[in-house]
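Consider the two complexes below, in which chain A is the common component and chain B and chain C are the respective partners.
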Partner chain A sequence: MSELDEFKATYFDECSELLNELEEQFTAIEEGDRNADRLNAVFRAIHSVKGGAGAFGFSGLVGFAHEFETLLDFVRTGKIEMTDEVVTLCIRSNDIVADFVGAARAGEELPSDHGAEEKARFVTLCKGTKGDDELDEDGEPMEEFDIEFTPVMVNLEPVNDSGKEGWLVEFTPHRDLYARANDPLLLLRELAELGDVDVKVILKTIPTLADFEPFGVYCGWEILVPGDDVTEQSVRDVFEFVDGDCDIKITRQTIAEPRDDADAMAFDLDDDMPSFADLANEITPEVKKPVPVAAPVQSDPNGTEEGKNAAPVGVQSIRVDLDKVDRVVNMVGELVITQSMLTQQMDDNLKVHYQELVRGLEVLAQTTRGLQDSVMAIRAQPVKSVFSRMPRLVRELAGKTNKKIRLEMVGENTEIDKTVIEQLSDPLTHMIRNSADHGIEIPEKRTAGRKPETGVIRLSAEQAGGNILIIVEDDGAGINRDRVLQIARERGVVGPEQQMSEEQIDNLIFAPGFSTADEVSDISGRGVGMDVVLSNIKKIGGSVHVRSWPGAGTRMTLRLPLTLAVLDVMLVTVGRCPYVIPLSSIVETMQCSRAEFGHMPTGGRVLQVRGEYVQVVDLATRFEMHTDVEDKHRFAVLCEAEGSVKIALIVDDIIGQQQVVIKSLEENFERIDGIAGGTILGDGNVALIVDVQGLRSATTHRNAA
Partner chain B sequence: MRVLTVDDSRTIQAMLHHTLSGAGFEVLQAEDGQKGLEVLNTETVDIVITDINMPVMDGIEFIKNVRASGQHQSLPILILTTETSQEKRDLGREAGGTGWIVKPFDPEKLISVIRRVVH
Partner chain C sequence: MEALEINNEVDDGQVVETKTLQLIAFSIGEQIYGVEITTVREIRAWNGATPLPNTREFVVGVINLRGTIVPIFDLRARFGDGQTSPTKTHVVVVMSVGEKWVGILVDAVSDILTVSKDDIHNVPEGNSVDTDLLSGIITHDGQMVGLIDLHAVVAGAQIEA
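Then we have the complex of A and B:
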């Protein structure tokens, strides 16, 4: 990666962050928060986007951001009022900035009129204010932002002084020049770069000793810069920074030759003064080569040399490449396995004879667990980063559908693994679209149904055990079950005679290729249905469940693992093979001899738990394993699948709890129904992870069929 | 030579760092004026390059504070800015800025300007 590419990568990273921040800020502003800090923050963010864009020559982006920034500057300084119209314009402009950034990142060009309408609006708005003189007449970006770097102003070529013309510079510094840390010697040195200058100090302005002020500034200089080809501008450029802090007069002079001419005498130095030309020659070599690296000798007041090269004081965070964190996460995962393997190897004999070793292993187990939590915390991020994109989505949807919708968000600070968060955006967007498009009714209909005119979509996140629950709830019409069932039958998703519970019908919306919208709308109907949500969520080890109340609303629950890397499981055996069941789904375990089983009329077995009948799945039968363990010695593992529906899994034996690192079966082998993945145990054996949700759905369909 | 760069943009910081360290300078960084002051409290630098628009403490305030501290009267401070208006430049000058560079900066020019103002 070239340096420029690296800078660009940094820039685009930064842009993503800035755009996210802008999104949040504008959302708050739209909700009526016109806090000065907020307005300053949006101004700064756009300013930063522009600054970087200028460096890479993204002229379209610079041009647009510049006008946008001007508007924001006027807003923050109160020259323009932040009316609703301006807010809307800003939000739209933010999108356009994002378009430009996206195009720049992809190396594409946007049409030249992209954002032209908004740009014109900025100009109109800004023109109407008292500060309109700051804006270019035609609204074009200022010259400085054009693609090329500004040319080097200082001419470093030695100048042939054979010319007869030159510049006479009369230079008298003011006190302010010194106050701003400028130094006349440096200016003279720089002038010497233009040619063999003659410098004469003006001493007549120096007062008598009695009138001398310690900090007074009394000296001035007359400098003759020879050379036909030295422009006045190049001389003026030397004094660029001190303009206003000194008296400066530059006039064209003819330098008569030979030098003993009366005119030229004026620029000769007094005999007892060293010639500045000599002085300049001494300095020149240093000026022309790269500045020496040697740092000035400094005494450190604290006497500590460490920290001299240290990062700036007060830095509270560092930026780390995600790959590096992932590597640590994986290694910690393997460490967890090794640790649990060691623990398993401890037999009673060892435990008696090597107590120190046992204690050491206990500490190791604790430390490993702590290490794992800490590492996962590094990669954890608040769901806010995804949630923050939703308000504007809802706003847009409300606009397009002519509905009134309010979005409520709860638990934005709940943290989930970054890898999970990245996969969350699409499904969540789709669920919200679905709620806004199909759930919330139009205002008239809501009023007729004695509901408030404004519909509410509630987005919440919470941690529940080893899972994160993300719930999208609306107070809309609920799922139209008759319609859903009708379509499901038409499309063959459900058999003509198949009876389904209300809940099963609700969950049909996740069936592949399903869409209940009579006409494909611009919003939800983008060629994908809710089945995409389900498959996306399944990919990250989560599940989706929907519940609906006709006329009162719909609730969709996403259950996501805290992390994708490590899973707490219960190790069981079925037909002498190890299987693991995610601990998060286990409610309780019991010996079969103590459990009460019953039989359904259809032939299926059920388990009676506290007055509730629970479906039973014998894993030996399900996975076609041969077991020689008697029924009464086997165990029932009561698991809770999505939507609080329970299922009892019958296993041969329960070994214990442990943590495993999940390995994808699909990536390494192929997908198997009822199995969510694989893992390698401490003793090197492969154990399969039981897919509780999958088993439950499968049995439901089988029973129903 | 040690340079303190004060800028909230990581992009600009990265480019400054590249240019300056490439010229053999040692670079210290601060993300806003407040952090910049903290650095100056404990570190000695030969020149400061600061942005204007920054959160917490902007460049103008930063320069005023540096000059007001009494210890850094002769520390050259260059303002790195996209502002081209004379008005904004004057603000920086009044605060005590030594000179300015307009973003986007040309690396060669930056180095030559630094040499123009460092004692």
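Then we have the complex of A and C:
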């Protein structure tokens, strides 16, 4: 990878973050939040996207972003009113910016008229404003770089309204300011809008030609902004975007001060400061140093928009190659195994004689656990990164299907392992598409059904024990069970005589026979790509559950593991072989001698637990292992599979609880029915992880067949 | 001396590469089989394996190979000669088949053979199991050595429902 490619990669990484943020801001704005901070955040993000695009020569993107920015600026300054129409246009434009970024990333070219319509509307909107003389209409992508000859609206005449108060702004740009495609002229112009400013350029720092560095920055400006009514904040706002890229000193001044001294002042200011200080303190003048400003705001736990004003210099996070993190995660996993192996080696004899060693091991255990948690936390990411793609999807779907759909999102800050998040995007897309396509009805139908015209899709994430629940809910028509069952029978997924509960029917939409869109797109129920949902979720050790209420909506629940790497399990033996059962699925365990079993006509057994009959699976039989343990000495492990369906697994013995690192069987072998994977125990042996859900569905299927 | 010989072969470059083949030979009962040396990753003594449920009789189980799980195939059982009852003297040859690592359980590893590619005979038509599992036959010191087709050996491990 060349250096430029690396820069590009970083730029695209940043872009996706910015686009996510934009999506978030627009969602809030769409919901009616007209807070100026939001618009500023949007403006900043677009500006950053544009800046980078300019550097890499993505001219289409620059051109569009520039026009968009112009519009946003007018909205921001109040020249254009933030009507719903404008909001819609902005959101649409945001999608287009995303398109441009996506195309640039993929190295593709979008059709040259992409976004032209929106661009034209920007121009129309902007033209109708008083600031239209600032607008460059030729739409040339690079026009922002040759504005130096456009009329400057600054008044270079000293304003000698003696006695009047004003602000003396000392503005010294850094090299970075130019590097980020900012132009001091724009800033000066903006300042000029505050009143008749007096601008003086400071050229004293320009070195002799011999020392002159071509890209060096040698000049600064002093701007005197008159007027009693101008607040310091409004002056500061002008420099908001270059915060950290320049030195700014704002001091209250009496205009009458002889301007001739200004030059001297600019450079000996530090010495003069004390005399200003008292006067200035009340209005907090200071050279803005970006780091201290950034630090407290960025760590703002609520992630409010103020945080985004912070200068990029405030390093609160670092980019780390995921491989590196994975390596650490793997090593910590091995450490956990070694630690538990050591603990297992401690017999009573050792414990008596080497108490220090025992204590040391306990501390080691604690530290390891802590280390593991911290490492996992590094990999954890808020689901926001996936959720934020959904509003756009819903907008597009609503447009295509002529439905009115509102997307509600809850719990975006819930954190999940990065690997899980990566696997989440496709399933979520399918589920949302499904809800929008099949769930939500067209407005007329909704009105007829006495529902609000706008359908609601609710996307939520929450943590429940060792799992994360992602729920997609809609208030649409629900699953048409008759049709689903009919099709299931036609396709032989369900036997002709088989009776199914409503819940079982709902979950049929995930059955393999319902796998492709073509086969089922004609039913009013669901089924588009739902196999993708199931397989993706299963792959990461999660489960899917669907419930539907006819006429009232559908709820799909994804249950996902918090992390992929470590699992709390119960270690059991079946036929002298070690198996582990995920602790999260275990409800209770009991000795078989105390359990009440009932016998079914086909010879199967059921377990009676508190008035409930639960299907029994003898793991020895199921896994074809020979066991010589008497039935009464064996144990029943009551597990809960998806949809609160219980299943009792009969095992030979229960050894205990421990943490294991999940290892893939598929990596070197293939998937085995009823086994979710493998793990390595403290003694170095492999134990197999029981796939509770798999056992349950396989058994149901067998019974059905 | 041996080291020298190997060096010579390596230095010979292309000629050696195209014309000859190095095999690891191992025995199952009296019969000798071989696999190409470059596919072999590791040879280790039998030290138990965790049986896998619902797999064919020739899948012995899985072992932990430095943190990854590797399946072990019983070559004797694969050839239909009944399951091996492994002891400490049995040997697991870990090999890479495509992207995957697998181990095969054999009685003993006997030799490293250098053979000419021209000397590889086709497997005579007959029993389909033989033609499936062997990719060729060579004669070494008057003994027949079957070249194992690893892909075929590891295929079809699960019991079809």
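One rule holds in what follows: the second predicted complex is superposed on the first by the 491 of 705 C-alpha atoms of A that agree within 3 Å, B and C clash if a C-alpha of one lies under 4 Å from a C-alpha of the other, contacts with A are read in each partner's own complex, and residues count from 1 in each chain.
Please note the rule applied: contacts are C-beta pairs under 8 Å (C-beta built on N, C-alpha and C of every residue); 3 or more make two chains touch, one makes a residue touch a chain.
Because the structure is a prediction, the values reported are computed rather than measured.
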Superposed model, chain A: greater residue contact from chain B or chain C: B
Which superposed partner A:6 touches (first chain B, second chain C, both, neither): first
Which of chain B and chain C A:190 touches, first, second, both or neither: first
Touched partner set for A:244, first chain B, second chain C, both or neither: first
Chain B versus chain C as contact partner of A:54, first or second or both or neither: first
Touching partner for A:481 - first (chain B), second (chain C), both, neither: neither
Footprint overlap on chain A, comparing chain B with chain C: none
Chain A - residues contacting chain B, complex: 3, 6-7, 10-11, 13-14, 40-41, 43-44, 47-48, 50-52, 54-55, 134, 142, 144-145, 149-154, 156, 178-183, 186-187, 190, 238, 240-241, 244-245, 287, 290-293, 295-296, 298, 307-309, 311-314
Residue ranges of chain C touching chain A (in the complex, touch as defined): 48-55, 61-64, 67-71, 100-102, 157-158, 161
For the chain B and chain A complex, residues of the former touching the latter: 1-2, 8-12, 14-15, 18, 23-26, 28-31, 35, 38-39, 41-44, 46, 53-55, 67, 73-77, 82, 84-85, 90, 93, 96-100, 102-106, 108-109, 111-112, 114-119
Interface residues, chain A side, partner chain C - complex: 330, 334, 577-578, 622-625, 663-665, 667-670, 672-675, 678, 680, 684-688
